[in-house]
Amino acid sequence: MNKGVAITGMGIISAIGNNVAENYDALINEKKGITRVDHIETIQREEIMVGEIKFTNDELIAQLNLSPENNYSRTAMLGVIAAKEAIADAGINDIKKFKTGIVSGTSVGGMDMTEKYYYQYLTEKEPQKYIESHHAGDSTQKIAEQLGIEESLVTTISTACSSAANAIMLGARLIKSGKLDRVVVGGADCLSKFTINGFKTLMILSDTYNTPFDENRKGLNLGEAAAFLVLESDEVIKAENKKVLAYVKGYGNANDAFHQTASSDNGDGATLAMEKALKVAGIKPSEIDYINAHGTATGNNDLSEGRAILRIFGNEMPEFSSTKAFTGHTLAAAGAIEAVYSVLALQNNVIFPNLNFKTPMKEFSMIPQTELKKKELNTVLSNSFGFGGNCSAVIFSKEA
Amino acid sequence: MSELKEELKAKIIEQLNLEDVAVADIADDDALFGDGLGLDSIDALELIVMLDKDYGIRLSDPKEGRKIFESVQVMADYIQEHRTK
Amino acid sequence: MKKVYINSIASISPQKTFDNTIFLDEIIDYNDTVIFVQDPDYKQYIPPAAARRMAKGIKMGVVASKIAMDEAGIETVDAIITGTGMGCMIDSEKFVSAIIDNNEQYLTPTSFIQSTHNTVAGQIALGMECKAYNFTYVHSAISFEAALLDAKMQLENAEATHILVGGVEELGEHTTKVHRVINHIKPEAVTISEVLNSKTKGAVFSEGTNFFVISNQRRESCYAELVAIETFNTLQKDRVSEAIEAFLKENNLKADDIDVVVFGNNGDVDFDGFYNQLSKGIFSKTQQVFYKHLVGENNTVSAFGVWLASKILKTQSIAEIVKINKINPSKIKTVLCYNQYRGQNHSLVLLKKC
């Protein structure tokens, strides 16, 4: 077994809760956060369901105490809320005491403001402040500023829906290589007309509650969320006598190299990513106790991922579930959201249910865990796959 | 009918940006997907929007598209029968 | 820890740089505020069926990656890592404007799919059938350096042998317009000889791409050893010299040991001071070079700085057009690149002769 990287804090805001405790409460009480979209004016409203955070931008600005002149995109504000909770949870009072960086994943970035003021930018002075908030790195830059991270490594990954998983992966490698002592890793994405209409053109949005791994699945629900985890080196853990929540034990990224958006029939990329993660962790598939699947509830993903899981686990299939029926698919943030859920699963020895499942898929006999289940968990595998064939798997463990 | 077929060929070329293909290169019965013109699932989605926008035909399941877009001939027959504009 | 080498380079820029056999032999002058690349023959590299959905940035990235792979003489790599600050702007603009102009109706998927930031890395993988690690960094002016750092860590730890790393930026028409509005683009056209002394706000915006094969094996084509990379989200002007000296010290060097320093001056009167203080300060006796007058400013143009440094180290020559001062070192062993954009996202890349 190889040594993992310690997680000492986490923070989250999603459609099912504004912090870690609320998210856990919703998960164990089967309270999903899927509704019609309220804060975005779209003609698609009646045709889609979303996992929306029910704060308006003004409410978020007030919560964060931002000045009226601020140019925060919604992505940045959600990110700050989650990152601040993670830092507080890790008991960090002096961010400068150790060399601290941040790696965030986002795909939407500041697109919410760009699509709102696209043409106004050319003529109206007031919204022009948001022009500089468009690029993906802006939200991360702002989160760093809010946390007081200066003169350090601050970067952003955008590999579509695997972005945050990849941010966790890079963070772990930065700690292992000694480049940083402490890294805040995660991701943030807000809902936008851009993604709503984009996924709509792909005809993979469900008009009702998403049903991962169900034969009659109709597609995904988009969601918005942010989540961050604090990773710290062994030296910091020792020096500060830190409590460790769990460990990033293994990770792997591979490319399906099959199609721009669709996953290969046999899930080649997903299989490779899981194999690599197991190798980095130095464990066998049989040592995985629970899989938090990507499970977006699109026809293509669930079949491809299911087959990949079968290829790895065969007859030794652990319980698996997708939590996207709770939160919707939160795109670039998904890997971090589900990392938090994986750690919660480990901490509480509980497997979260795959809601809305009724009929097994005809292609295989895999049945997700549909009810909350108590089980002693030591290792959890979390999958995240994205456009461009990007496939990632991260393994979390209770012991180093 | 043959007018509609020519129109479809021109639209397919333009919409899907098939720079090196001319209307005359596409026979009515040529397969559009796979070995024929080599279109893929993204093209199918593009064509579904074209059916909606230009002929008032709405498909809700991309799988339906596969059958309709078998060839220009099949497409034209389908449009003839179902068009609302 | 294994040493890391830049084994091949490829650049598509507003200068004729896609041919590796020449080195700024002929300079194209511009008199503009936005400049575009000298196009290679994309069709020679990309089959029409694959090219039909590709916007400019994707084409540039795919072609540059092929040039770099060819020069390194390898068929595949253990990772593809790209950086892009703005991402696929052309398709993003197409999709946003279609949403607004058509009130969310009759939208087609192609531009949405292609707008994803990792499209270039994904397309390269698809073209190469490369199932390896595939990352895209999107952090403004350090997007490329983040990619380079990721690759370097993997190579040092022998997790990979060859990695394709690149930066790519395309210009979207609307994005250019809005950046004009907020004075990020120069108000008046400037020629390449005037850029540095333009005394106006903003930069000459550009598009372009630079790809490299970096490896933990030194190949015959080797340009340079990649010694160290550091990035800073913030750095106050009066902290820059100190930060550079600390970085050099970590690598057992002093400012005097640097034979050539590559600066990212873009002629923006508000921000060139970050470099000018070094020209007059710790690097006053060092040969200083710059390049943004030739290739403009974009989020990953600092990769052109690394391209320039690599060329200088390999050819042991410096074109007059890039010289800021005239120290003319007889031997060039160590080169440092420093870049920042609008006072943020600073980067240092240290290269040595291989």
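Labels A, B and C are assigned to the chains in the order they are written; within every chain, residues are numbered from 1.
Criterion: contacts are C-beta pairs under 8 Å (C-beta built on N, C-alpha and C of every residue); 3 or more make two chains touch, one makes a residue touch a chain.
On a predicted model such as this, the values are computed, not experimentally measured, just so you know.
Asks: Taking touching chains as linked, do they make an open path (line), a single closed cycle (ring), a hub with spokes (star), an all-linked set (complete), or other?
Replies: Topology of touching chains reads as complete, every chain touching all others.
Asks: Suppose chain centres are the mean of their C-alpha atoms. Which chain sits farthest from chain B?
Replies: Between chain B and the rest, the longest centre separation is with C.
Asks: Does A-B or A-C have the larger number of C-beta pairs in contact?
Replies: A-C
Asks: Approximately how many whole Å separate the CA-defined centres of chain A and chain B?
Replies: Distance between chain centres, rounded to whole Å: 38 Å.
Asks: Measuring from the mean C-alpha position of chain A to the mean C-alpha position of chain C, what distance in angstrom results?
Replies: Centre-to-centre distance between chain A and chain C: 30 Å.
Asks: For chain B, write out the residues touching at least two other chains, lowest number first.
Replies: In chain B, residues 42, 45, 49 touch at least two other chains, as defined above.
Asks: Could you say which residues in chain A touch two or more other chains, in rising order?
Replies: 201-202, 259-261
Asks: Find every residue in chain C that makes contact with two or more other chains and list them.
Replies: 107-109, 113
Asks: Which stretch or stretches of chain A touch chain C in the complex?
Replies: The touching residues are 42-44, 106-107, 109, 111, 114-115, 118-119, 121-122, 128, 131-132, 134-138, 140-141, 144-145, 149-160, 166, 170, 173-174, 177, 179, 193-194, 197-198, 200-202, 253-261, 268-269, 272, 386-390.
Asks: Sort out for me which residues of chain C touch chain B in the complex.
Replies: 48-49, 51-53, 106-110, 113
Asks: Touching chain C in the complex: which residues of chain B?
Replies: 15-20, 38, 42, 45-46, 49, 52-53
Asks: Can you list the residues on chain C that touch chain A in the complex?
Replies: Its residues touching chain A are 80, 85-87, 92, 95-97, 99-100, 103-105, 107-109, 112-119, 121-123, 125-126, 128-140, 142-143, 146, 149-150, 153-154, 156-157, 174-175, 177-179, 181-182, 230-235, 239, 243, 299, 344-345.
Asks: Flag every residue of chain B that touches chain A in the complex, lowest number first.
Replies: 40-42, 45, 48-49, 60-62
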